[in-house]
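Each of the next two complexes has chain A plus one more chain, namely chain B in the first and chain C in the second.
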Partner chain A sequence: MYNSDKVIPGIIIFVLFVTLPIWWNHGKSVAAPEPELPKKGRCVESKEYMRSHHMQLLNVWRNEAIRQGMRIYTSSDGARFWISLQNGCMKCHNNKSKFCDRCHQFAAVEPYCWNCHIPPETKKFKAPKASGLLKLFGVPPVLHGSSQAESYGHAEH
Partner chain B sequence: MDRRKFLKLAGLSVTLAGGVPGFLNREVKARAYTPPPGALTARRWGLAIDVRKCWEEPNCNECIKACHHLHNVPDIPDKKREVKWIWKDEFEHVFPDKPNEFNNIIFTHKPFLLLCNHCEHPPCVRVCPTQATFKREDGIVMMDYHRCIGCRFCMAACPFGARSFNWVDPRPYIKDPNPKFPTRMKGVVEKCLFCYERLEKGKIPACVEACKKKALIFGDLEDEHSEIVRVLKSRFSIRRKSELGTGPSVFYLL
Partner chain C sequence: MNVVAALVAVIGMVIVVWFGVGVLKLYTLFGVLVPYAALLTFLIGLIYRMVNWAKSPVPFKITTTCGQQKSLPWIKHSRLESPANNFEVVLRMALEVLAFRSLFRNLRADLRGRKLYYGSSKWLWLGAILFHWSFFIILVRHLRLFTYPVPGPIKVLDAVDSFFHIGLPHLYMTDVAILAGLTFLILRRLVDAKVNYISHASDYFPLFLILGLVSSGMLMRYFLRVDLVSVKEFVMGLATFHPKAPKGIGVIFFVHLFFISALVAYFPFSKLVHMVGVFFSPTRNLPNDNRRVRHINPWWEGVPPKFLTYCEWQEKFKEQLEQAGQPIDEDCYKEKKS
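Take a look at the complex of A and B:
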């Protein structure tokens, strides 16, 4: 073989490089997530079903509740639940960061639901953050203007 | 293999492949969705606003406060980006076609309570590309915020300016959030939904309940015996821009 002194080390380096991710994480293990479960009671469906299907269930729930007006869910074993995320799931699972988030961080999913739905542990909302673009143009992050109360004032004449 | 054998075998394998796992699948078990018991129902919900009673308390904003608190409507000071479900404006703006010049003198600057008219033929519903807004059987023009993509066609179509767009994240402008109801997020359109979530629990809309003067009358427009029909039959009322043919369900008793 021509140039075997260069080709063979080259192949070895290539193989090592390509399998780098395996070596890199070798021996390290990531702990399985431990969501904090309610002490007693039951979920709307079996634990196994919830673990694998809660996203589908939530999707059906929101369509049924909002588009069809169906607010009562009868589970596969005949128990009845009020359909709601904030007033349903989160009444039992009353800490989002210790329940939903623990698994989701592990699975690297970030459901956008919490842009609107308020987690049980949130009591107040934070002031708006200045994004880089706003800072660059010196735009204040908080909107100002005539207050709403003033705008009704003229209606009193 | 002859044709007969082949067909038998094919039939059997299809049954095994499709039917048996489907039969064993736990998802097939009965899971039922039913409407809530004790809900208030109607064939066409409507609202009559007794403006004379409303004017007795010119500084009262109880209905607005109750609604906006309950539904986490932000209080954004910038008028161009404000969000509102129910608000007040003066006669000239509310009825721009001016019934006649004398009415105009009597009513100039008088406040009128405004909210979504829950039209019989809602133009917003016709233009929504995702069916995020749709008409329920009880007449309520609903919003499914999950489907709203923020195109704002509905805002262009609505002749009453009843819809608000979230230009910014509304959360910092909600001082005292109600944990029982979601907020909205930047990029969706929102409006009054006639408190459908309260009707489901047997309660009347928050604005109607909050009005100390009982100036708001909520009821079924297609029920002969409802209070709203009785009042509308006995008193003169007007609707906003009824000439457009959208059929508003909000009436102003004069």
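Take a look at the complex of A and C:
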């Protein structure tokens, strides 16, 4: 073999790259997550359907509620549900970290819904911290008209 | 017809899987045995090809160049077009592999009336770059199915790729790009008469196979959907050599898995080996330093040929040279002074 000083490292890099999934996990298989299911009752649709299609259902819900003002969903077997993430799904699945998050962590998805929607575990609300940028431009952390306007920003009147 | 043969082969594969998994329930065969056999074929096949290439002697230094080679100090040397050392070779090779630099110079030739016209043609370059980069990014993104915990860079890649947040699950940009690239590459062979004429079934088959792979993947993500948690559990089992019989996963996943197994097993025996072949091309992996470094022909190893000086050669063929009226170099017969 010619140029074995270059070819052999090349072959080793190639094999390492192809077998990355094998050595990355050190041959240890990871158990599938076990989301905590509500003790009784049923879901909106069948369990199998929910497991694979819930994100598509949520998308339909979101569009129906916000774009068509349709807030009632009739499932494939005729049962009716309120269309709502916080007051629908999360009323039955009232622990996001033990339900939604367990699967999502395993599958490495981070739904951005919780940027705006509030998971049931969140009980207390803290006033947002003023960012450095706001301070730099002298913007008061709470603007006029909000519920806390009394304690800030009065002096400017 | 070549196209039809390739198309029938790919559609036949879907039917085989649909029958084998959907009807006969051969989960272990299609889920475990076929993928493992395919991966082994891929690894052993490609290593064999690489060793085989590395064993082939390169008798001459045949670097392709299209620029000024390194010579006298005041002549500007084109480092990329005529690499003079290994570093410049690596630089040129990297640009070739990552940016398809030589394809960028692709020209088209057209007959208009009785005149032949040449013109710039970047479409092939664009289609190829869309296709190859999307394929690579999709492949890397798939590591989220093979690893736990999933490495941060892969999550970042995923987030960037689904940046536009279209639909749920989000549409990936690379999915659109690879479809666009593949469509162009297939249409090029079908529509352009010059390319059509030189296309074999072995040109269409990889294209249709990859189109099948991509469409089954997109069907699985955006339309039919499978339970991804079960899929990941199963795939992780495969990757860690604890294969479990997959349960509750739709047939579309097995179609996808069969397509990738077929692609991978076909790889070492087809035009697709250009992925590793490019690194073994003597026209691209040698520096153009013929004038400075003597390239020893490997054929001579162990059996050095007997060389003749000009004078020895002239002596050998003197009679014939004289008969043919060729001039004889008299210097050869002068006494050496020094």
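As a convention for this text, the second predicted complex is superposed on the first by the 101 of 157 C-alpha atoms of A that agree within 3 Å, B and C clash if a C-alpha of one lies under 4 Å from a C-alpha of the other, contacts with A are read in each partner's own complex, and residues count from 1 in each chain.
Everything below uses one rule, namely that a residue touches a chain if its C-beta (ideal position, glycine included) is under 8 Å from a C-beta of that chain, and two chains touch if they have at least 3 such contacts.
What you are looking at is a predicted structure, and each value in this text was computed from that prediction instead of being measured.
Novice: For A:Asn25, select first, second, both or neither according to whether it touches chain B, chain C, the two together, or no partner.
Specialist: second
Novice: Regarding the shared-chain residue A:Ala107, is it in contact with chain B (first), chain C (second), both, or neither?
Specialist: second
Novice: A:Ser131 contacts which: chain B (first), chain C (second), both, neither?
Specialist: neither
Novice: One more residue to check, A:Asn87. First (chain B), second (chain C), both or neither?
Specialist: In the superposed model, A:Asn87 contacts chain B only, not chain C.
Novice: In the superposed arrangement, does A:Arg67 touch chain B (first), chain C (second), both or neither?
Specialist: In the superposition, A:Arg67 contacts chain B only.
Novice: Where does A:Ser97 make contact in the superposed view: on chain B (first), on chain C (second), on both, or on neither?
Specialist: neither
Novice: Per the definitions at the top, what is the overlap between the chain A residues touching chain B and those touching chain C?
Specialist: 53, 112
Novice: Report the residues of chain B in contact with chain A in the complex, numbered from low to high.
Specialist: It is residues 26-27, 29-37, 39, 58-59, 61, 72, 75-82, 88-90, 108-111, 134, 136, 142, 144-146, 168-169, 171-174, 177, 179-185, 196, 200 of chain B that touch chain A.
Novice: Contact residues on chain C for chain A in the complex?
Specialist: 39, 42-43, 46-47, 50-51, 54-58, 143-144, 146-148, 150-151, 154-155, 158, 165, 167-169, 225-230, 232-233, 236-237, 239-242, 248, 250, 276, 279, 298
Novice: In the complex formed with chain B, which residues of chain A make contact?
Specialist: Those in contact with chain B are residues 49, 53, 60, 62, 64, 66-76, 82-83, 85-87, 112, 115-118, 120, 122-128, 142-148, 151-152, 154-157.
Novice: Would you tell me which residues of chain A are touching chain C in their complex?
Specialist: So the residues of chain A in touch with chain C come to 1-4, 7, 10-11, 14-15, 18-22, 24-25, 27-33, 48, 51-53, 55-56, 58-59, 103, 106-110, 112.
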